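Structure first, then comments.
Think of it as A, B, C and D in the order they're written, each chain with its own count starting at 1.
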Amino acid sequence: MNTVETTRQQMAETIRAYNLKGWSPATSTNYSFREDQQSREIFVSRSGIDKSQFQPEDFMCVDMEGRATAAYADRKPSAETLIHCVLYDLFPETTVILHSHSMYSVLMSQKYEIEIPFQGYEIQKGFDRQVTHEDRVLIPVIDNSQDMVAFSGWMRDRKEAFSNHCFVIRNHGTYAWGKNLFEAKRHLETLEYLLEVEWKALFA
Amino acid sequence: MNTVETTRQQMAETIRAYNLKGWSPATSTNYSFREDQQSREIFVSRSGIDKSQFQPEDFMCVDMEGRATAAYADRKPSAETLIHCVLYDLFPETTVILHSHSMYSVLMSQKYEIEIPFQGYEIQKGFDRQVTHEDRVLIPVIDNSQDMVAFSGWMRDRKEAFSNHCFVIRNHGTYAWGKNLFEAKRHLETLEYLLEVEWKALFA
Amino acid sequence: MNTVETTRQQMAETIRAYNLKGWSPATSTNYSFREDQQSREIFVSRSGIDKSQFQPEDFMCVDMEGRATAAYADRKPSAETLIHCVLYDLFPETTVILHSHSMYSVLMSQKYEIEIPFQGYEIQKGFDRQVTHEDRVLIPVIDNSQDMVAFSGWMRDRKEAFSNHCFVIRNHGTYAWGKNLFEAKRHLETLEYLLEVEWKALFA
Amino acid sequence: MNTVETTRQQMAETIRAYNLKGWSPATSTNYSFREDQQSREIFVSRSGIDKSQFQPEDFMCVDMEGRATAAYADRKPSAETLIHCVLYDLFPETTVILHSHSMYSVLMSQKYEIEIPFQGYEIQKGFDRQVTHEDRVLIPVIDNSQDMVAFSGWMRDRKEAFSNHCFVIRNHGTYAWGKNLFEAKRHLETLEYLLEVEWKALFA
């Protein structure tokens, strides 16, 4: 089995497991990967799939501008495909991008306008290059928009804020990415844990 | 396998999965489907089944007035069958109706008398024809009743409020429906997510 | 497979499923059944079993005073076996008794001294002979004790309060029973749902 | 299958089950066991494993100072291996050590400086030698540190406080241990339950 086939399967397993955590209700969220850091073909989940039943063949292929490649011309990519394209362009080491509609990201985004601070948690070391719980970690919050071109512009404007490989979209969810699926999962799970524990700590 | 058999199986899987989410404690909730939008035979879950073990053969057939058809004369339909009949009558495009006893619908129904408003959440797009998070969505709340004839009358009175294909019954649960199982699931999961996140946001 | 063997298997499945809900942490809780309403032999879970791995053979047999029968003389019955014996004695129609250490029963028992009232919830109909959400249901709370003889006395004193086939032990958990496993499950799940939803409603 | 192989498999099953409870987000937590109470070789989870997919072969072997043994010289032990070594040294009856990043331990550690008190809960009997719910149980809290040598010193200083076979690390998680896997699980699950129920009781 070649790398793309293996990643399709591992991604599909991850997507179904995250659905059970409640991170992709209805047909929400979308996911992508590419074969390696040089590849300009992106495998992205197609639009409107029930993630509890996501299958390896539910990925379609788009170019770096989010247009379906010839072999997938009959399929519709997810509306947020452009977010994925911009992330691969801004952070070329990335090969996997994960997304969630977690409730705690939505809740925390109602309390913090620009960025969400975390400090003192051991789990912060789950972010790449964080080596101690003592540092202050800032995760950016971006306003939601249905205008993907505008949204992408905001992302480019705040590129330097994305050093922890993730961000929150207000009243929408989270994005996290990495050099491979293993690292992208670690970043997403670290962020989701921090959002939930901090929410509970704030409103005790 | 014909369409009815396939739907029986897919519905049974959905029912068991939703039981694990805590949406059908004890023997609560009931579900239905019909073969197509013209069909006047309704397959409805029979009364008093433990939903953690629901099987395809646990559906029985009733007519549009909720009376068991000849082949199922020895079985008792669920007490709420008449709610299903009225929904198929009011919204003839419907072929699947789902129900839940989710706690957050019960809790939210204690705070809102007539309807529950949601605004600003990306997940609102899970409702058919909602295309942006910016609109205000109103989900009707109906008082609970053991008198199914009276209850059905209230539903007919408020038909125009049901444009998002779902409603809440006070201290009872939710109903959601759609043109097929995929759409009905999307409507139910969208509503359940909104109820839970809004409850948590309100009482933080 | 005879009735006892079937029930052993169905009980073991139920016990493992309830463990996943968090109702039997560590090695807590115990369960019992008997072959029929005339039987004076009780099959009770033996002491100190991890309920995530409970097997049909983890039931042992005791008499109506809680003493191991000859075939099981080498096994230790659960410390709370006497509670089961008293319930079978007080309510002779009972053939299955379930127990939980659910957190919401513990929390609610800290707020109510003598009994916990519920009113207006559709799920109340999960209790045998409750036919409407409009009635007021009272579930007794008993103080915890390590003295099983004293505890049994308190149960006998309050027999008339147990008409809904369940009660709460303070800072400990719940007991629920029924004419068969199906009914005992319905009673337990109805109680657990009510305790959780009412706790959340009270402290919103 | 010899004892080490059996324990590797049972530990791996436990680790995956606890991951589903949310106790090991990202690649957090680490676990260990040894063949018997005399053994000076410790099997410890290697660094950076996704616990949702932990396998029996993901344990490596270290000596009592935490150095990889010859057969595992190419693998990196978990950063917290030294904590495990100190626990086996301080409590020589121990053969299994479990760890969690549970949210309720993090939350409770923000409210209690030195130790967390519990009293009146039946589940307290899950701790070895606790025979009644009436006693007051004190669980020590230790400040988090990335300096494992300093951390180990604090553990040695407070040895007498560890009589319930567990402790909490501030904003990090819990450790629990036992004479075997069964007992270590019982201690960990007892502690986790107490932390959650007490948090909910405190902030109702």
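Quick notes
As a working rule, a residue touches a chain if its C-beta (ideal position, glycine included) is under 8 Å from a C-beta of that chain, and two chains touch if they have at least 3 such contacts.
Small disclaimer: the values here were computed from a predicted structure and weren't measured.
Chains that touch both chain C and chain D: there are none. Hopping across touching chains, the smallest step count from chain B to chain D is 2.
Of all residue numbers used at the contact between chain B and chain C, under half are used by both chains, marking a mostly different-residue interface. Copies chain A and chain D of the same sequence differ by a rotation of 90 degrees once their CA atoms are superposed, given in steps of 5.
Chain geometry summary: the mean Cα position of chain A and that of chain B are 32 Å apart. Note: centroid distance chain A to chain C, computed from Cα atoms, is 45 Å. Contact with two or more other chains is made by no residue of chain A. If touching chains are joined by edges, the resulting network of the protein chains shown is one closed cycle, each chain touching exactly two neighbours. Across the whole structure, chains are in contact as follows: A-B, A-D, B-C, C-D.
Interface of chain D with chain C (complex): residues 17, 120-123, 126, 131-134, 182, 185-187, 189-190, 192-193, 196-197, 200-201, 204. Within the complex formed with chain C, the chain B residues making contact are 22, 25-28, 50, 52, 101, 103, 106-107, 110-111, 144, 146, 169, 171-173, 199, 202-203.
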